[in-house]
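Structure incoming, see below.
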């Protein structure tokens, strides 16, 4: 996730790290090559009475643009949903802690105990979605016994939730919470379960693979043939116009693929580390714990992981 | 559902099993044939003073592309909704089991009993949606008595839910659950009922048949006439451009039809077997039951059923 | 609602009952007539130095296609919402009966009594939406006294709900239901009220009439003028291309109008009879009542009303 | 809101009151004038070596059509949301009254008292949204004391809700409602508060003004220049084609603006009077009060206010 | 947020402050310059056998328009969601106060105390979203002790919610609220927490930066090259048509960027000051406090901040 400070619109045009430009350079280079080939062989195939005109490519290009619009909507709505789930995570955890503090204002030990599980839940989910090892983070946050049980489980994030529920269940069995107030807190656990399940769904079920495949095939073939259709009108201008049109189509296709999995670590993905850091800071601040962990800052390319 | 490992973009272009290519091969072959016919008879119908130009086909092609975009949105949103329902199924079943364990931490026998019904519910729903026989799976999972009652019913999945509700109702009648905590568990049964009803709705009510019909007619006719419109400009290039444009339109139409019923077993459908397997593994793990059933893996074409 | 068995794609192209073809035949015939007129007067108006070219019609046709896409989205989302409401009806009624059976497993008489009201509610709603007489169905299902009160009311479906609520309220007053368990059942009545109100809203508030009007005017005028724009390029081919383009536009416009009111009985409307039949079968099966009413089957045109 | 009886498609084309035609007549007339100017000066500016061609206008027209599609979606979704809010109003008020009758079947006086507040709420909301004086309607419906307090408040609709809440609160304080059953009724008041707040939001926050402005500028300028681009091809046909294209664009722009504020009294706005009338009839019928107020009928242009 | 009184459509066309015109003036001026350059060098590059035609620019322009439509949808839906969140804020705060007054009609001191926290919450959220200093507003509204604690916190808005929850929790501990009625009020705090989290999400997570970048690059380059493509057809008309097309594309791009962050203070952003003022007036009016703060009015450019 790139968060630019206010940048002049003119400077932006030459930004390298922000867009998907680095990914499609090779294909744009191929396109220039094709344009040069087209200029060279133009006179030769003209003699055969064959020529590609731009009219069928106009039709095809607009059709592909419509499909790219659809594909980008599908990918972007996955990105938005993923961001909403992580937003709900922050909201539900803050609310659960607030409710506990409002219901049992004196049990400060319980506040900190529950906060630990909540913080562990978000870090564990991050590691699960990015296929990284949660051991270090969980060890840092959790009590020893819970840590051992969780790290031994094949589904650690779900196990954090189970143990957190046990902690709250104990408060009910100890008579500190009535059934009604217990239900209030359990509702928040239910929201956490929805966040977990929702993120798993997005991570495990991509947009149907055929969409990716059909679009990439048509976009690549379209860009490769385009110089041959442009050359009879544009001559030496062919490479410039061809690479411009190709950039538009290739970058939209490439961005759609990048946004499809919003849990990665590339420039346009969600900054899960920063969100986990925000959650940890928020919950500790609510418990007046000090010092808060430092706020994560974007790197020198304005990128936040 | 095809889940590709990271594949180089160039190799992808020649992927056969991933896209709908196998379904439309015959129609693309027909299109090439039409192109050859167009090249042959071109000189003859030119003499009659008749010629098809590309301009009306441009207009028509763009209009069809817009309608294909609409049709794909409709089909894709059915696919997404179906996936969400199965996601909710996993979430609701995990949550119900967690709540039961948090509320009655000592009743291990009940945990396993309820888990059986939950697992049976998901397998039964899968068989109902795919019109396959649930007997073997239900026999494997359920206690004998419940199995007999469920298999005798004309609506077995709904009957699983009814019996599951009875089991939880007995806990209330036995005084283990208060009305308030009983209501918490019943809310999850309500979510399962929504999943069941939602899946039945998607399976029984296709996109209005006229959309399919109108689009297929216009797409097929458009592709068949296209070579005759292209031939005067493109001569010997006609088959290549024509089959390329046809591939774009036919594959989008074909994919929309495939996604319309997301519960099938073709390459772009939902992997219901894998989801049921995940649910079974999750619930058993929560109960610390061992060994877990093996994780379902994609076949050699990366296809997960 | 047409539910085709698997039909070969080639046979489908000649399907008459499935699409809106029967409705627009006359307008397509008019279009052919216009094309012939265009061919005949072509030479005459060419001499006046006037000719219609296809360029402005391309622009107009694409603009109209975009608006048709919007119009179809609006109509289709009404269709989808209507189907969802009827899906919710089935889910809510099954759930209410399940809850009653789980809460009061012994009161079999009450189960059947409540089921009657639920079944009556769905049939009554169907008759209200289609402006047909509910007397026969309500007489068949309901107890005499309730029947008389309901049939005398100007809002019979809402009255069914009121009486159903009274029945459940009596269980509370009789001490069989606590306030908490009563609230569970009342939530389901609330869902039924939302279904009733939602269906009334869709039935009473069409898409703003101006959308229909503006689109039909532009589509009809566009199709009528099209032959005159095509004739200079296509000569004797004009009728074929013109009727093909007109079919695309007219059928989309016609289908949008048909889907706008999804409660009718035409080929692309919702099969309310079949859904009511499904509800009745489901609820009776849950009560182990026999014999179940026969399953409604599609007619010989695969149409389900 | 215009609700046409079934009208023959041919007659519809000449309907004057249904569409926005009356609003754009002047601008269409201007367009014809421009076309005539274009025909007259055509020969003169041709000599200067300058001519406008249709190609750039095709590009621009399609771009504008895409933006008009976006703008109409935005306006229409406001219309749909407004209608849904009023639908929820009817549903929530019917449900609240049903719950009260089911919970306290004997307190007929309370039923009628609460129904008065509910009816007053809907009329008061209507007057607030249309900036009309609610005094007469509130005086007709409410008890004297409540009337005085409400009419004195600067936010009368919100005050109706507050007093209604007080009435229901008194039933709790009097021991007729437990906390649980009180909460059921309060949930419905919450829904009414959402309807009030949602309608205020739609009424106070238009679509960002720049959308309206940019589109109107481009649409008007486009329609004004169009004749000059068409004239070289179409000569004497220019006014006909130009006014046809302009009608399509101007009417869509005009309708989008009309739907943006769905609470007005023009032909395509919501019939708030009729909905309030329906609510009043429904609630009185549930209480068996007679005679019901007469059903509001559309005027002779089929318009329902 | 600009709220125009009814303005004649003709006058609107010359409105300067409403649209994004002030922001893109410089780029439009550049475009005119490019057009003049194109006219001057036209004869020279014609001799080289190179010319840009409008056909590839048509294709590109339509593709860009489709992407601009997508980009505007994404930005506008952020604007709509932000407005909905602030609408929910008003609704939830009014409802919470109404519930408190209905439940404890005599505790007028508590009503005013709670209202203070609610008003402070909305002002604090506004300052957080606009990065302004909340001290003055919070000092004006809150009791001293709460003020000190809140202003000392790094997350003041969240701290307001925590203290508000404590106040309501005290009512429960004092026996004035049962667990059930306490839960009603806590639900509203939960809604406030969702508003807070939702606004933070919108403010912190822009639309992926690559969308902005790709579109701006293609739009700017498209507009810069356009004069060279138009000049061969339009000669001296080039600047007029080129600047018109550029205005359409640049203003849509610029507006999308402006709406992306709806919490700013530019002409098309949300009037957060006015909404906070409305909330304060509403809550005080419900408590019959006088005098109400003055209603915020738009400035002389009809702008409401």
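The chains carry the letters A, B, C, D and E, assigned in the order they are written, with residues numbered from 1 in each.
Here is the rule we use: contacts are C-beta pairs under 8 Å (C-beta built on N, C-alpha and C of every residue); 3 or more make two chains touch, one makes a residue touch a chain.
Everything numeric in this text was worked out from a predicted model, so none of it was measured.
Under the contact definition, subunit C and subunit D share no contacting chain. Between subunit D and subunit E, the least number of touch steps comes to 1. Considering the contact criterion stated above, the chains in touch with subunit B and with subunit D alike are C. Two copies of one sequence, subunit B and subunit C, touch each other mainly through non-matching residues, since under half of the numbers at the interface are common to both. Seen as a C-alpha superposition, subunit C sits on subunit E after a turn of 145°, to the nearest 5.
Between subunit A and subunit B, the centres computed from C-alpha atoms are 24 Å apart.
Centroids built from CA atoms put subunit E at 38 Å from subunit B.
Residues of subunit B found to touch two or more other chains are 55, 58, 62, 66, 69, 73, 180, 183. In terms of inter-chain touching, the protein chains here make up one closed cycle, each touching precisely two others.
Order of chains round the ring, from subunit C towards subunit D, by the touch criterion defined above: C, D, E, A, B. Here subunit B touches subunit A in the complex through residues 1-4, 9, 12-13, 15, 18-20, 54-55, 57-58, 61-62, 65-66, 68-69, 72-73, 76, 79, 83-84, 87-88, 90-91, 94-95, 98-99, 101-103, 105, 178, 180-181, 183-184, 230, 233-237, 241, 244-245, 247-249, 251-252, 255, 258-259, 267-268, 270, 281-282, 285-286, 292, going by the rule given at the top. Within the complex formed with subunit A, the subunit E residues making contact are 48-53, 55-56, 58-60, 62-64, 66-67, 69-70, 73-74, 153-155, 158-159, 161-162, 165-166, 168-169, 172-173, 179-180, 182-183, 186, 189-190, 193-194, 196-198, 200-201, 205-206, 208-211, 213-214, 216-218, 220-221, 225.
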